[in-house]
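What follows is a pair of complexes built around chain A, which joins chain B in one and chain C in the other.
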Partner chain A sequence: MSSNEIPPKSRDEIKAARQAKKAAKLKVNNKTTENPQLTKEIENLNENNINSKPKVESTDEVDKSVVINPNAVDISTSREQIKADRAAKKSAKQLKKKGAADGESNVQSSVKKELKEDDSVKQNEDMTVKDVVETLKNIVSVAKEVNEITTKVSALDLGGKKQEETGKSKAELRAERRAKQEAQRAAKQAAEKKVVKPKLEAPTVNVDVPKKEEKVIKSKTLEKSKTKLQLAQRFNWFQHLYTEFDKNPLKKIPINSNLHPAIVKLGVQLSSRVVKGSNARCIALLDALNKMVRDYVLPAKTEFSRGLESHLASSLEFLWTTREPCASQINAVKFFRHHLAQLPNNVDEFDAKKTLQEEIDRYIREQIEMAGEAISIAVRNKISNGDTILTYGCSSLIEQILCEAWEAGLQFRTLVVGSRVSPDAAEMLRRLCARGLPCTYVDFTAVNYVMKTVSKVVLGAGALLANGAVVSAAGTAGVALAARARNRPVLVACHTHKFIDSLYTDAFMHNQIGDPDDLLEKSDDNSPLKDWRSNLNLTPLNLTYDVTPPCLITAVVTELAILPCTSAPVVLRFKLSEYGV
Partner chain B sequence: MKKEEVQAIFMKILREEEDVSAGVAAIKTLLTVIENYKVSTVRELDLNLQLAVDAMRHCDQPVTAISSGCELFMRFITFAKLDTKSFEECEKIMLQRGNIFLDKLLEARGKVAKQALSFICDGCKILTHSRSRVVLQAMIEAIKANKRFEVFITVSAPDNSGEMMHKQLVAAGVDATLILDSAVGYVMEQVDIVMIGAEGVTESGGIINKIGTYSLGIAALELKKPVYVLTESFKFSRIYPLNQMDLPKEFKYLSNTLKSGKDLSKQHPLVDYTPPSYITLLFTDLGILTPSAVSDELIKLYL
Partner chain C sequence: MAPLESLDIELSEKHIETVGKFVADIRNNKLSGSEQIAEATLTLVEKIISESNATARELCGVLRAAARRISSSLPLELVAINMIRRVLRAIRDENRASVDQFQSGEGVGESLQGLVLATPARHSIVPSTDQDLREPIRDHIAELRTELETMRSSITSQAREHVRADEVLLTFGASALVERFLRPTQNRNCKVVVAEGTDVGESHAMARRLSNSGVSVTVINSSCVFAVMSRVNKVVVEVQAAMGGGAVLGDAGLHSVTLAAKYYKIPVVALAPLYRMLPHHLYDPQNFGSLSSPLQTMEYADCGSDSLQVLAPKFDFVPPDHITLFITNQGGSCPSYIYRLLSEIYDPKDYQI
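This part shows the complex of A and B:
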């Protein structure tokens, strides 16, 4: 009854007392840090890298049986301390573990080290927020691998370590690693703000690294860095010209695109430079278009011209990604579109195809073949016996002119000038020699010297611009300049289908960057260019085209007439009135 | 129709009409051929005209103007051929058109002279080369307009045609001075403009003219004097010389010299080629053109 006499404690009071007791117990527990449940909670928190309230509540729910609500605040505050303690402990353990691992399993540890080094390198190099996200992903993937390895290591170490780290489970180890990574990440993020810009290209390499085994990753990155120019190594004035030139254009074909095989084939040929030279490219394009038209199947309820136009657009889009179109291709496409647009609305599919194919054939015949013959005759009339004709690089038209002039009985010498960078001139020389023409080959460096023995310079052209400037293989302008310096007439042989109405005065605006490796002297092992990729101060630049100003050109030989190159606009106007393109 | 007959007609026109240039004379000859030698088909007519042109080219006269004039005339004729039915009709139209064409050509000189008028200012000194009917007319026009100016005329070897030009200018009341060909450089620094005629205008916009024009042009460019070429548009021809060597032989030498089989490199050429870069402006009946505009006009004409 005494118990009854005592002022009856309410349930609430008892509860409160219990709570107080438990709180005391908990505090003790916190200090010992051996409470497995708590560590698990913290692990979870660390894993998710979120310390928001919902998480705290969820842990409370899990542990409701042990921990009562009011103490939740205590736990959350004490967590910070726990973390700090654990971080310190872990770093100590890591050190120990490393030492042990070194002793016992060299292979695994070395792999692990490499990974760690990778991590740190990456972290130093990272720059933007995006990159941070990417590297986080990488870190997660790498961390998984580290996880596996460490489990193995710990399994090996278990015998030795058990006495010291009895309380430690695999989960704890994992948690340690997470904490370590977080710390690294934090350090890295801090560092990022300070790091300047030295290695911008690194993230792009990282992004492309797929989540595979380490060796595969390494070989991949090597490959990538081969095809992609480092940003710092791009020539400043030509930044806009650099494209991601991938050697395998087939990757660029969108899935489910119904590109005609001829188009795909042409794309591969263009990108691998199997088809090169503006005439060849133009003919190849028209041939591919011809096949495309032939095999085109008109979808139901579609107007022929519209249906084919959209098909054409997607095909061209693919082709132009493989290599930028040249003037002759642009004109050919313009011509094709012109005739496509002129088809009547209710045209029969068969008739339309026939018309287009005929037009394509006519274009090739008139604009390229017959025009070539006319130009050949015009230039032949300008060649006299005993002349020395200098030509630069390779041009199918020049070859035709020279061979036909030779077969017509003219006695002249041909001087082929080539540069080491491009093998075109050698090809030209081969073709001319095969036809029995007396030839001399000199390198571009000797052009000034040989110019005094030359009587006429005949050059090919990639495009003729509205201001009369000639876009041609890089080096042409140099040859024209040398000829000008010695007052040698410079003839440019150019079909009118290469005239375009755009206008630029230098080679900066429009150009193509060739493969920098072409600049390398392959036979020379000590070439300073050999390891240009690793030397950020070295910037090889291989331009494909240059622009010869009109003042260096005596005359342009076209199928219409021999013209001063300032008459290019007249030819364009004439063609517009005659062909509508 | 015989070669000699055509040549006789041609030489007669040249002799009788002092004022007519070789090109116009050639066109007149062709018109006479159409009128006098009756044929019954277009083909025959064509052959006849070809023969006549060939005959005139072997006439011991400077060929440049003849060939360009004839080429233009033939072009004119071929246009007429296409759109008629009977041959008589065709012939009639040809003659009609030929005469219109000739009238236009004769007007051309007056037009050119008028255009040049504003470029001759009071007190200026003009250097000219050899004899040119267009330049003469332009200067007479200027005198009529009461402009006071001074003219230097080169003697122009080997035919000393400058002397005749000098005589005609003095007669017209122009203050004219005859200078040696070799004095071009000496005089150049005091002249204000260089005004020359042309035998032919090439597609490049350069000119073919009496020998010595090229050196005159070079001197003028060096001393930064403007070079004005006064020429009728029928002298535009479709040739494109690359340099002096590339000029056709029949332009450079008389047909007699060519026939004689002498070593041509030892002969004096009659004409030289002045590239477009030495020419400031061309005064033609089509308007005042820059050299590069010539090929535009030629393309319009022939394509």
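This part shows the complex of A and C:
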């Protein structure tokens, strides 16, 4: 049934087939008028068929081509057609088996499965109306005709569809597979409701599903190993950072996991960068944990802290696959685990949830909100009238500081520096302008040009390391360096909940690769880089973070005090003794 | 015979028209690229000379007036003025030679002591001869033309001395010269990092052409330069102008690249063809105060407020201590030696046009 051989006349054949079917219909109708009781039953049946039809339709086009064509005839005809269809499908199956040697076995097998299930569903109906079918034995000859033609039609359609199939992208195929799985599940449920032949059906479905999954997994691993190989050729220095940038995070989400919806939602938001910025990510995580704790149902014979701990572990495992955790998130989780471990063994479930939720609220209030206010006041005291404050990128804390200082009556100008690649600075600018602050925007390339007019540089931070280095949006280090070259003071505003006990010496030890396509010019559809994926020599690299060495930073403003950044270990030790985290 | 300096000749109508056409060509982008402009300048100078009086005094006066006119209408066009300076130098040398024929002055520079103590002949006032200098000047212009033609190859041929196998080279912005400089390194298995400058599209196009020629290229945004710099072995950039003290005028953003290189003690190689040598001593980018359209920095629709100001400078000023080495078509030289190079190719009297 190679589709290439099909000449244009195939349409005529289809037409002929339809006409034949119509003829069959007419004949059946003629017969049925003779027997009014029978017509009623048949109508009922047809309704059943209509009800079951949407389920079939929800599957992919391949199935439609085989299944729905005959079905469309079914709706207005009798048992006879059903029988004919089944025969047609069987012959189609056989044909497929012959052609199964080629590489499309995956698609075909799924089609087969679909057919089997359809059969099984219909078998149920058959059982109830066997007698009806028997009364119509005299139309068998017509049915045979129809049978022949439908096989032809289905074979033709399938051939055409298959060609399309090969042209489809992986994503589409994957989506189709999922649709199929869902359809199978629906079919299974429908089958189970009708308790006619549950035992026979169940194994056929169960056997099929794992087979298919195996195939999917196989193809996936193949793809992965292929891209890995390419990456090995391409990324030599930052290979360890590279994970295939996935634009569609929804694919990763397990459908039947017991993850809390809030966690799944956060995962999507993190990977699509809807929630970004280390404060926002921390608050969103704590909020999701709060909801998770609230809705957590303790399994029987389990200690609360242990049960929740294992649940937390699986949730976090999922979250960290969507995006690497930042320092504030790591600290928040550490804090949560600390309080979870401190719960007494025989604690009441309700009390435990209440304590944890209170602790989470307290953490957000004390460590983020109140600390932010304290930092804002500390920085405000350092701003004087007539200053020009330079800031880089977008930081919620810097925004808060500048807006509060402006509302306190200080007269200063804000100079926002941004890079072309990230939209953060534009966002910051929008927020500041909305509050009426006088702003200037320059690209990163103009930093040296404007630095002469700047009186202070205030920067946000993603994390502060134990050696005093600041991990922040890529470009921060360049700004700090330019400021140091002109002897302008560089203040880094940073909550102490972002202090972390790790040591990086350069931006390559720990970083994240952003979407390489962001580097391409958006206005230019014919960007010279657009085919970088096929050109192994060409690599757009979009680093998310960089590490500013401590010698470029004048001071770190925290809620505790304004410190030299080499005092980071002191703060870490203090927090350990004070809060236990 | 009147001395050569203190001469201010106004251009004749005919010359004003020729110069005006030259300026218009540059403004309308009919002449783009410094090489083309340098060539066109030589053609212009040839034309002016052939239509002027033949004495050195006259020639110098006319050329200086033309240069003044060009620089007042195109203050950022440095190449044309530099080429005129070089022709002026040739005229003055020819004049001196012809004067020396009549009154053989004492030889300078025979001993080291003489070199130090003697007042250079060039600095003394030399009278103008009445000889026709047009023919020898045409020879000089032809020489300059050949120099322009071989400029690229003489600079790129030095790449072998400066680029070793398995090195990671970083370059900033788009430059045809840098592209040529990096291309022969393909057989040495070099890796190139292209940091995009303000001309993003051209930087990307350069990266693509380099990658097609077999060099492994990584493209980064200029904000990532500091993060990447620790892995880089050498920074190679083309400059807009190399100035007297060894300072450099480059595309906007060059300063942050060289600053990062200086922080990590990475050598910076600046490619500077001779026509880019500028006999000025600037110390601040604001002196050059040239802003380009802010459109490339931010779309108009994104400016949410009327209190917003968007700046997009064209040039960046890099102090001499950021540059390790200049590569000109006469070979390499360090920043502290640029002044000497300048006095070799220009006459000090023409530093100020």
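Brief remarks follow.
As a convention for this text, the second predicted complex is superposed on the first by the 337 of 581 C-alpha atoms of A that agree within 3 Å, B and C clash if a C-alpha of one lies under 4 Å from a C-alpha of the other, contacts with A are read in each partner's own complex, and residues count from 1 in each chain.
What we mean here is this: a contact is a pair of C-beta atoms (placed from the backbone, for glycine too) under 8 Å apart; a residue touches a chain by one contact, two chains touch by 3 or more.
Computed from a predicted model, the values in this text were never measured in an experiment.
Taken together through their common chain A, the two structures put chain B and chain C side by side without a clash.
Set against each other, chain B and chain C differ in how many residues of chain A they touch, and the higher count belongs to C. When the two complexes are overlaid on their common chain A, residue A:Ser272 makes contact with neither chain B nor chain C.
Once the two complexes are overlaid on the shared chain, A:Ala555 sits against chain B while remaining clear of chain C. Of the two partner chains, chain C is the only one that A:Asn542 touches; chain B does not reach it. In the superposition on chain A, A:Ser396 makes contact with neither chain B nor chain C. Of the two partner chains, chain B is the only one touched by A:Lys456; chain C is not.
Using the contact criterion defined above for the overlaid structures, shared-chain residue A:Val447 touches chain C, although it does not reach chain B. By the touch criterion defined above, A:Asn467 reaches neither chain B nor chain C.
Closest approach of chain B to chain C, taken over C-alpha atoms in the A-based superposition, is 17 Å. Residues 236-237, 419-421, 426, 429-430, 433-434, 436-450, 452, 474-475, 477-478, 481-482, 485, 506-508, 511, 519-521, 524, 527-529, 535, 537-543, 545-547 of chain A touch chain C in their complex. If you check the complex, the residues on chain C that touch chain A are 191, 196-198, 200-201, 204-205, 207-208, 211-212, 214-228, 230-231, 251-253, 255-256, 259-260, 263, 284-286, 297-298, 302, 304-305, 307-313, 316-317.
Chain contact summary for the complex, chain A toward chain B: residues 382, 384, 456, 487, 489, 491, 554-555, 560-564, 566-567, 570-571, 574. Considering their complex, residues 203-205, 238, 240, 242-243, 245-246, 276, 291-292, 295-296, 298-300, 302-303 of chain B touch chain A.
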